[in-house]
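One chain, subunit A, links the two complexes that follow: it is found with subunit B in the first and with subunit C in the second.
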Partner chain A sequence: MATLISEIDCSQHTTREINQAIKRAAADGVPDVRLTNPAARHCLAVAVMSPTRIVFDGPVGWYCGGMCDGAEIVVNGNCGWSVGENLMSGSIAVHGNGGSSAGATIRGGRVFIEGDTGARTGIAMKGGIVVVGGSVGYMSGFMMQRGTMIVCGDAGDGIGDSMYEGTVYVGGTIHALGADCVESELGGDDRALLESELGANDIDSGGYDWKKLVSGRKLWNFSKHEYDAWRAAL
Partner chain B sequence: MCGLCGFLYKDPGRYGPVGHAMFDMLTPLDRRGTDSTGVALYGPPRDDSYVLRVRIEANGDTPGRVHEALAGAGAVSEESHTGGNLRARIGYAGDLGTLTDLVEEVPETEVFSIGRSMEIVKDVGDASDVEAAAPYKSFQGSHAIGHTRMATESLVDVAHSHPFWARPFADISVVHNGHITNYHKLRRRLAGKGHRFATGNDSEAIAVYIADKLEQGDSLENALRSSVNDLDGTFAYLISTPQGIGVARDRFALKPLIFAEDDEKVLIASEEIALRRVADSTDLKPRELGAGEVRWWLR
Partner chain C sequence: MSDFIPRGEDGHVHQKLWVWSPETIDDIQTKAELGRYTNRGLGTTRRTPHFQDLTFVPCTLSRVPLEGYREACDTSVEIGARHGAKPIRLATPITIAGMSYGALSRNAKQALGTAATRVGISTTTGDGGMLDLEREASDQLVYQVLPSRYGFNPHHLRMANAAEIVIGQGAKPGTGGVLLGAKVSPIIAEARTLPPGVDQRSPCRHPDFVGPDDLQIKIEELREATDGAIPIYIKIGACRVADDVKLACKAGADVIVMDGLEGGTGASPDSLMDHTGIPTMAALVEAVAALREMELEGVVNLIISGGIRNGVDAAKALALGADAVSIGTAAMIALGCNKPVYIEDYERMGTEPGACHHCHTGLCPVGITTQDEDLIARLPVDEAADHVTGFLNSMTQEMQMFARACGKNDVHDLEPEDMRAMTIEASAITGIPLVGTDFAFRPESFADAIMRAMTAQTTNGHSDQKVRH
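Let's look at the complex of A and B:
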């Protein structure tokens, strides 16, 4: 029987060795893999296709958890750009701040960042849910196609710009809505969703002034009568 | 793509191993380019003299001719050269543009920097290559900025390496990641005011732009804020003066820049991996600079 690896000291291995060790552990059925000293290294735990729990004790760099399908990743530290990019299913929880493009293009699963994230958070989401405990930067939710983004703090300029579908909830101040992003009425289902999703991260949804943002759908089809809207968007 | 880093002690009386900090921070940033690497280091300032860093032809009589040029302008001390890098201190009270011209009249020379406290060291290759060519790791100072370069729009040579000195303004340097798309217009405007440029690199114009603002009496804060509107293109840059470091990021936030600080120091870098080489503490929580945001830290 193969040796079950449950702890990996990143400082002793190359990134390729770390990722191969994680995948070997997952294939061997190890339920919990703990990684120490990640030291903000890039591309850790990418493309893990099994429901293994992977815990990083320390900050991770760019693209952590990208393309994963089913893994449960916990980062006890910050993360760099594009955490969970193209996530298919499973979850990533970052107990720190995030970089730009957090949860970009995810198709499913759940990305949670406890602190603030940078520009283009949740850009081109195609499903899944992104939850940010703090604020998000410029052009977050840009060209969102499906899914849900919850921002407890403030949203930078251009939130939800050119979104096709999906929903963005903002609990703080919205600096400026993006092109064709409109505020919609917040209903009971929305409040229930916020309570449930934030409750999963021990956040009380009651202390926020929630705004619900959706697509205005004016950019779905070109109309010469809406020329000004297109000009502003482009 | 380029890598940026900065390190500053907040206490105005504090000096420490900033050269080593730069080496440690630049080493993991090599993935962002190793065409060239450089640092601008700020030591204890001396009012009576300037330190010059000059790129020279490694062989021949160039060092001697540079010495003659300097000796004609003032009292020269602390003179040394390693390969193609010459360092000298000069007691001089005249115009720095004139002093620069005097040195550069010697063929195959380029003045990297002149300052009361600032010294620029740069060369092609990565952080270790530059340390081998012109040692900087042992430098003790108050703050420093560093750069590792992946060239995209001008030559790969020492002259086009960062940091850039805001010639002829003493002690001002810049490191930049990105492209300034209105560079020619900006340069023409600054050249029209009498400023001169040593290279065709867009980043040099940022240094001169900020120095020009400071010369007009603007604060570093105002100069940084103006730059976000006046510079087109993508940029994250660090500008350093004897008093501290300022940072700015373009309005589209296309180039990475994070910072972290505690009571003792400020750390700035393109990526957290550089910060973690000099600060293990999990208490340091880096945050990304926002779109169009500027920050500055003065000692």
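Let's look at the complex of A and C:
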């Protein structure tokens, strides 16, 4: 019979052993897996395909929670690059700062980073929600295809560059919009979404000057009459 | 009049100019009309140093051949066992290259998978992810991890027999491909999470890593996602070949796929196809040398691709050190690409069978590079799979034929010594002696020759001083 909680001391195991133990626990229906001493190790909790809660007490390295489908991951610490890369469903919450490419290409689910993240946050998102409590770096939301990214702090240069679809909300200063990224009017539905999504992480959406960014759609199909729009995109 | 020589009013003969040729004039006027660079499919138009420039020197009096049509000659090879994953087992050293569902029709993808399974080789997905029909048809399927991640699904990755991280393509290294709006049908758009009809321009950089040290961590992630059960390939567009091979080995690749300049594409800017990259034969020589330098030859497997047209090219590639070859365009042509049927549809596009490279338009008359249902119906899966099977078998036979003639009972025993170069250029690239000489036109060969000449002079008592007076 499955135990209610599984505890793993990462310092005693290889990465493969840790991930196999997580997957075994998930397959056995263990609802809670707690891991200590992750020591910023890369590739932890990758491709976990069951709805298990996985908690890391300490910092994790690159690709934590990458390719997961249904798991609920909590990181009590900072994380490296590409946290939650290609997430299908489920959630990842990082109570610290993230590296670059946080939430890259996610298709579903929710990635939350309490602090700041680096360049290319939410790059090529294909769905899902990325929420950043702090600021994001250069080229975040690049080639976004679908989904929603909420940035409470500032956005570095090139936010939303070449996005096809999807929505980016920025609560702080936008250093520069990327190619074909335009500001759109913020409506009641947007405010309701912000209140709901940020409320889930105990953040009051009322304290920000929200800007809504969407695709200008000028780069969808080439037009020689819009060459100025294409100059940077080609 | 057949002997008419056009002359101007001044009496001078009107000649076509090399710089301003009819092709150049057409190119300029097309770009002037479009307002951008031009795109097309297939591959480079330029003549490159090629396997064509090598010839085999089979056994005669000095060596004994195997009976050409009878004696056993093994063709099988295992790929990707470096880190203990279950290797890909190729009954013959050929793989079907990654070509996207989107650039290709579903019938084409299914037929390629069916043929690969019949012959006992692998096939590969492409940009846009895995097609269910393709997975069902293919016993051994290599799942590509591309910069765009269009259609990427970890469940599909875990169903794959190998994963291939695509760093670049030989046809356009350093640049992503394009899928013009005509081919982004509602089905393809949904598979790639794109708006229908959009001109899709794929990224060239991966979203979640940048350089070679990062690649090592990406490989680790893929191994963790697949429990280390499948080999990891790295596909590279041939440029700085030696450096890239070494970096891929260091990053942990089980297999390197080196794609040369002659590699194919569904749609790309044609200036890139003609002016970027290293030709396949040269890339192969550099890649083998790099593996040898790292003492990883045979440990990290090498698949060479780009312009492999038949079993003869494949046999020459094996002789130069490849473990297997990968074919894309040749497989498409075996499916029926450029076949002389539906002539009026070729003419409507301003082309003709044998010269069509209009894959980018989505109007493929033979149902291969299209998403139009009526055109797709022109490619019956079983018949197309039969043709590809036949072609793959012919390639195997050709490889065996050359191996036997060279006295080898395994096609992988072919070696550079079994060949001679037909051109100085091929000799300089491969280090294989030029026909009619015993001299390979490599820098080290010149240095050796000079040293030998100097030694001979000294031995004969002709010192430099004596020669100089």
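We take it that the second predicted complex is superposed on the first by the 229 of 234 C-alpha atoms of A that agree within 3 Å, B and C clash if a C-alpha of one lies under 4 Å from a C-alpha of the other, contacts with A are read in each partner's own complex, and residues count from 1 in each chain.
Following the convention adopted for this analysis, contacts are C-beta pairs under 8 Å (C-beta built on N, C-alpha and C of every residue); 3 or more make two chains touch, one makes a residue touch a chain.
As the structure is a computational prediction, the values presented were derived from the model and not from experiment.
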item	value
Partner chain in contact with A:Gly137 - subunit B first, subunit C second, else both or neither	first
Superposition-derived comparison: subunit B or subunit C, residues of subunit A touched	C
Which superposed partner A:Gly77 touches (first subunit B, second subunit C, both, neither)	first
Partner chain in contact with A:His42 - subunit B first, subunit C second, else both or neither	both
Touched partner set for A:Gly118, first subunit B, second subunit C, both or neither	first
Subunit B versus subunit C as contact partner of A:Gly153, first or second or both or neither	neither
Touching partner for A:Gly96 - first (subunit B), second (subunit C), both, neither	first
Touched partner set for A:Gln145, first subunit B, second subunit C, both or neither	second
Touched partner set for A:Gly108, first subunit B, second subunit C, both or neither	neither
Which superposed partner A:Gly216 touches (first subunit B, second subunit C, both, neither)	neither
Interface residues of subunit A shared between complexes with subunit B and subunit C	42, 61-62, 81, 120
Touch list for subunit A against partner subunit C, complex	15-16, 19-20, 42-43, 46-47, 49, 61-63, 66-69, 81-82, 85-86, 88, 101, 104-105, 107, 120, 123-124, 126-127, 142-143, 145-146, 164-165, 220-222, 224-225, 227, 230, 234
Residues of subunit C touching subunit A in the complex	34-37, 148-149, 152-155, 157-158, 181, 192-195, 197-199, 203, 207-209, 214, 217-218, 220-221, 223-228
Touch list for subunit A against partner subunit B, complex	39-42, 58-59, 61-62, 77-78, 80-81, 96-97, 99-100, 115-120, 137-139, 156-157
Subunit A contact footprint on subunit B (complex, rising order)	31, 251-253, 256, 258, 271-273, 275-277, 282, 285-288, 290-292
